[in-house]
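The two complexes that follow have chain A in common; it is paired with chain B in the first and with chain C in the second.
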Partner chain A sequence: MNIRRIAAVASKEWRETVRDRMFFSLAFVLPILWMLVFGYGLILDVENIPYAALDGDQSARSRDYLYRFQQSRYFDFKGALTDEREVEPLLASGRIRAAIIIPEKFGERLNAGRMVGVQTLIDGTFPLRTDITKGYVIAINSAFNEERLVDYISRKSGISRVQAEHRARPIKLDVRYLYNEEVRSSWSMVPALVMFTLMLSSPLLTALGIVREKETGSIYNIYSSTVTKVEFLVGKLLPYALISSLNTVVLWIMATRWFNVPFRGNLLFFLAASLVFVLCGTGLGLLVSLLVRTQIAALIITIIITMVPTILFSGLIVPVSSLGPGSQFQAHLFPGMYYTNIVRGTFLKGIGPEVLWMDVLALALYAVILRFVGYGLFTKRPRS
Partner chain B sequence: MASSEPPIVKVIGFAKRYKKQVAVDGVDLEIKKGEIYGLIGPDGSGKSSLMKAMAGVLTYDRGTVEVFGTLVDSERAAERVKQRLGFLPQGLGLNLYPDLSVEENIDFFAQLRLVPEQALAERKARLLAMTRLDKFRDRAMKNLSGGMKQKLGLICTLIHEPELAILDEPTTGVDPVSRRDFWAILAQLLQEKGMTALVSTAYMDEASRFHRLSFLWEGKVLVSGTPTEVQALVPGSMVTFEAAPQVDAIARLKTQYMQVEALGSALRVFTEEPIPAAAMQSITSSLGTIKPVQFRVNEPELEDVFVALLLRQGEQPSVIEMPSVVPFTPNDALAIEAKGLIRDFGPFRAVDHVSFQVKSGEIFGLLGANGAGKTTVIKMLNGIMPPSGGEGRVAGADMRTAGGAIKERIGYMSQAFSLYLDLTVVENIRLFAGIYGLDRRATDQRLKWVMSMAGLKGYESNLTGRVPMGVRQRLALGCALVHQPRVLFLDEPTSGVDPIGRRHFWNILSRLAKEEGVAMLVTTHYMSEAEHCDHLALMYAGRIVADGSPADMKLSVEKEAGHLFEVLADDPGSALLELQRAGFAGAALYGTRIHLFCRDPAGDKDRACNALESIGVKINSVTARPLSLEDVFVYRVMALERQDRAGGHEAAA
Partner chain C sequence: MKAVPGAGSQRAVIWWRRLIVMTRKEMLQLFRDVPIVAFLVYSFTLAIYITGNGIRSQLHEANLLVHDADHSISSRELIHRFQAPFFRLNGQVLDSREGLRRLDRGTAVAFLEIPPRFHEQLMTGEPTAVQLLVDTTNSANGLSVASYAGRIVARFGQESAFDRGGSFGDSSPDLPLITSDHRVWYNPDQNEAWFECISHLLRQITIFALLLPAAALVREKERGTVEQLLVSPLSPFQIMASKVLAMTLVILGATAVGLFGVMQPVFGVPIKGNIWLFFTLTALFVVTTAGMGLAAATLARNQGQVGMMTLLVAAPMLMLSGITAPMEAMPASVRAVMALSPLRYFIDIANGILLKGTGLNILWDSVLAMAALGASLFGFGLWRFRRQFQ
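Right, the complex of A and B next:
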């Protein structure tokens, strides 16, 4: 190992990356852009559901019922309808995602103690959103029913509404959410997005950086010189690891300052674990670069092997624990899952190495193995 | 003596395959210390594979490669010789780093080789001064011209002063002036440091630059030895003369001679008869009733020798038939006319008042270094780019207003050939016919014509990507001619094609001009090819600085600069330095021979001989040589560069 040669390779690489407009954006702009785009794109909170109502009764009761929807922050009232035929086109065009239709004589039948059907039409295109919308409708409906019950008990038994309420609802559920107190999906998504962004950008940058030399032929400068394989690989990967580490810090600032996600863990531990993860990423990029000849092939392969498993098996969207056994096994094969545990753990739970050491160890192993494989595949005297 | 020393490189029975494709098949080679060894051959002949294997950056399948006595058969063994090697891969400037400055590029290569700081500073200063790159130290490599990139590549390869430099096609794609400069620098460095060099080239006319050479053809060595030895293999003479009507003369000569070329109005024939008088005699008799005039007999060039050897091997160009659609009678109708064409890019004037005329049936050559403005002129005449000033007419249409009409009357063949490699030969022709809107009858008719004109029979259903370069080139020509244009533009049409393929191609072009009356505008980097043109114009910095027929241009340079002489001396390196000191500024080294201009043949010759004898160099021979177009090009451009520099100094002062 000769430090001067490593420094030569590393400083050349750094200067090229910083001066080439394409590589500069890839290194510094893309991760920020990614974080912003996916940060807003992947937040799955369902709020402000656009809906319309058709009040066929126009009584005090029906207005009271509909008023509850208007009050809710989950629903966004788009207007009153007069004809059932108006509903269909509004739903089809997506201007509303739910419609509540109150039949004639709603109040009258309620007062007579009979059951009334309220037709609720919900856009079922996205099952997840549909379920959540249905849940909100059911909750508002139940609250209304309960109030009717409380009224009835208080009237029949001649007790106060408060007493009646205690009888009607003897058990009150006290739920406290831990780690993500307000159950905001942004708190859970944004830390995972730090993982997603690093997982994509660091292998991509590395793979393109090495394949670029193969494509132009400047790799022959390396092949034909006395620089050793280790010196070349260390010098070449050093700037990329450094850039990705810088990006980790930038992404951390974005998560905590821009998306306002709390960071409760140990920053030093987080950064150290991130460095290990970045080494995995650059190792992956190295591997890809050794298998392909052109930058376009490197781009496509890197995106496929990083994006697909990261979206499916890293716990980004679906927790690994709720995957099937086959998928769980696959999840353990990719570095994304371990780092997801680390980011969510440090950001939200405030845990550190005492819990997460296994994940860091797995990543470290991953990084070491990738380097050995890379070293084995790299040759200064190729077959073609 | 050098011959008793062990060779620096020894290759025996070398073979290399890429999957099923055989690239090199049984090559033997020995390189001695201190020589410039040449590998000559067209694209795909196996030069690069061989050089990479010697540099230890490519495995091989059979044979042995010994470098400095070390058998290079593994990565470990290759590492042992790499410090003593310098390798410049193929592709002009491609191995350099475009975003790094000239100095940063050099520093990177030096640091990789652990050149000590002190030595690096000294060598860098010297090499930059020698290559005149010192003013551009801080310029990013991507902003250098082709010739400058090439020199920087050379500096980077030699910065650690290797004992053996392996340079893969260092002169491809560079203009003649930069090429000459390159050879001079290389020769000087080799001599000073006692280096050895292995250099490959696709330019046959560079063969005389080597001490020894091997001509590679389809993965085998066709011939090797010193240039003199190679020339001796094919004794004969090159006879140049004029004979009218040329078409009939060619037909008669072809029955007896393998190599017959039309160079404008002149004919050039290779005969195996070495005695000039006898050679002229035999040609006159084979011409019968046609009387040849203006005979000139020269020694064959190395390129002629290679072609003769290939023809002996049974490499036959396919026969071409050109069924004439409308018989052409020569007339003075103008096919292309440029009048004061100007093109500005911002403050930069790329084309500056360019005027010329091309008659139908004439081949017009536009020569110039990279960036001289050749392609911009073609683009303006094609109607692709609007001119900033001046006017041009192509095939009777005004290029500014005609637009689409021009495109129907012209054919365009680019350097890249613009063919669809995944289509068959016939499919490509049909596609171009479709693009030009030919109906079915016309398409079938033209298809037949193109197939026979370009000699494509037998390749009909081959994929274009799989046919040899020469065939691909003729197909591209056929596609450019499918709509029967009266004017044809050819932008560096022969890059990377073997010598037989190139001659064949020019043969077709000259018949197209003479028999079909097609007017052609050609740009080329191969100066030897410019001889085929009827008329030449030399562009420099956007202007036409010289024009005339090839013979006229040579004549005018001879009047200004004198005649060219070749000196064979014992110690060519010091002889060259002494001659330059004695005032022969244009003296240059060609392998072991020195070329110099003498204005007053008798007096200058004596002066040169006296200068050499004064330092004890023995002169073996001094012979007159005909000027080549490359000599003309270099002389003209160098004179203009000197003028520019002088003008620059005046402006600065």
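Right, the complex of A and C next:
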């Protein structure tokens, strides 16, 4: 290993990257833009679910019941229906996602102390939304029911409303939210977006950089030079690792200063772990670039093997523990999951190496293995 | 122009023949790139299978830790209610400090604490409370845990109050309550595999439609072979259209493989609407998305730039068009920007035709929006391409 030759390869690569102004600026603009777009856009608190209601009763009770939906910020009232047949086309076109149908004699039956069924029709095309909608409907119904029950008990047994409330709900559930005390979507998304952004940008940058030489043929200069395999690979990866490391710092500043997400852990540990993660990303890019001949193939393969697993299997949206066995296996094969634990752990939980050492170790192993495989695949004597 | 009627039709034949030859050239070029073909096959078969099988966006087997300070029938009964598929009991701990440590480590997402004298208080009708600590580093998941736990505890409380009997001064089960009767349409069993594999199919279509034609065009520019094409009798439109046509055919073929080879036989995804309409509109979507990629390709000088530009566009499209997170959750400003994403319309079309069985009479506005978007993107790309070379 000769430091001067490494420096020469690295500076050549750096110049080439810097001189392609559009590529270079996109390498920095992309993370910032994504952080802004997703930090504001990727929110999972479903609100304003469009719904319509059919009030078959038109009594004070039914109006009181429907009023609860109108008042809720989770629902967005789209109009009153007069006929059940109107529901189908509205749900089919997606103009509403739920319909509430109140039967005749709703108020009368309740006042007489009898049960009454209310029908809710929910669009089932998006299971997450369906589940959340169902949860909101159940919550509104149980609040309504509890009031009716308290009324009923206090009237029947002649006790005060407070006592009746205890009887209607004997066990209280005290929920305490940890780490993200106000349960803000942005607090949980923004740190994970640091992972998302780095996971996508660093392999792509690297892969394109190396295949470019292969496709244009300038790699023959390397083949015929005195630069060794290790020197070439180290020098080649250095500029891309540097760009991604700079991006890590920028993303951290955006997360803490712009989105005001608390950072409770150790900054040094976070930066060190991020460096290991960046080395994984560049290693992945290296591997792809060695397996393909064309940039178009490098592009597609890098995007497929990074973007899809990062969206689905990294814990960004769906927690890894709720994945099926096959997907969990796949999740453990990609570095994203380990780094998600690290970012959420250091930002929100305030934990450090004492808990996260396993994840850092996994990333380090990953980076080392990728480099060994890359070293094995790279040859200065091209076949054919 | 057309002096002889036969000459016009002959010109048309030649025009079409040139287009077909170019399309064939693009296909040959694509199929000779073995890694791309391998990934194309993987993306539309195995990847769809894995995703349909594995992703669950509803609460599923959340790891629950319990500290039971009461050890009574009631506390055990309550703990027993936290069951699959929503929860998975992950053991008991002896004190709350240990519980917090396990939450820190991430081996549990919720920690339930049952106080001493829980059973006694419940039996005597004294108010009692149980505590639930929830990990909200994933906020949506945390809220879901709390909401399901709330339902379980409330139900248990009411039932145990009923069991004691007579406490409402009346034993008749008829109470002034509403029973809610939910009916989920279009996917009555809430089979998440349907949604996940349809979404995944759309994801793959988007990625390939965005990248393949764009990269093919910019590759010609980068290597200079585009100069050869431009001195040939081909028009710029033919050069661009042949690339789109070739990739559209390939993607449609892959979609058919994914739909009839994986989604229908393995996951039982229903095809309620007209399948020809589905493929026609998929073709329209591919062309529109390809137009987006081509517009980027005319702005870029090499494949590296085109890669970064398409990635810049692809990630927001995939994340915010309503296949990963529901549109209803997004702020109005983001929703307004997403009106520019063809995927935003195609998700309604795909779900509409496959799951809901709707036709053009309902989907026309989405189709129209997508077509308008496609036409303007394609027009922009063509204009830029012409200007660069003429």
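Rule of thumb we're sticking to: the second predicted complex is superposed on the first by the 343 of 384 C-alpha atoms of A that agree within 3 Å, B and C clash if a C-alpha of one lies under 4 Å from a C-alpha of the other, contacts with A are read in each partner's own complex, and residues count from 1 in each chain.
To be clear about the criterion, a contact is a pair of C-beta atoms (placed from the backbone, for glycine too) under 8 Å apart; a residue touches a chain by one contact, two chains touch by 3 or more.
This is a predicted model, so every value here is computed, not measured.
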First, second, both or neither for A:58, with chain B first and chain C second: neither
First (chain B), second (chain C), both or neither touched by A:380: first
First (chain B), second (chain C), both or neither touched by A:70: neither
First (chain B), second (chain C), both or neither touched by A:173: second
Which superposed partner A:317 touches (first chain B, second chain C, both, neither): second
Which of chain B and chain C A:160 touches, first, second, both or neither: neither
Partner contacting more residues of chain A (chain B vs chain C): C
Contacts of A:4 with chain B and chain C, given as first, second, both or neither: first
First (chain B), second (chain C), both or neither touched by A:260: neither
Overlap of the chain B and chain C footprints on chain A, listed as residue numbers: 20
In the complex, chain A residues that touch chain B: 2, 4-5, 7-9, 12, 15-16, 19-20, 216-218, 220-228, 379-384
List of chain C residues in touch with chain A within their complex: 33, 35-36, 39, 42-43, 47, 50-51, 53-63, 78, 100, 103-106, 109, 122, 125-144, 146-151, 153-154, 156-158, 160-161, 167-170, 174-188, 190, 192, 195, 200, 203-204, 207-208, 211-212, 215-216, 219, 300-312, 314-316, 318-320, 322, 324-326, 328-331, 333-334, 348, 351-352, 355-356, 358, 362-363
Contacting residues of chain B [partner chain A, same complex]: 18, 52, 55-59, 74-75, 78-79, 82-83, 85-87, 89-91, 94-100, 104, 107-109, 111-114, 140, 156
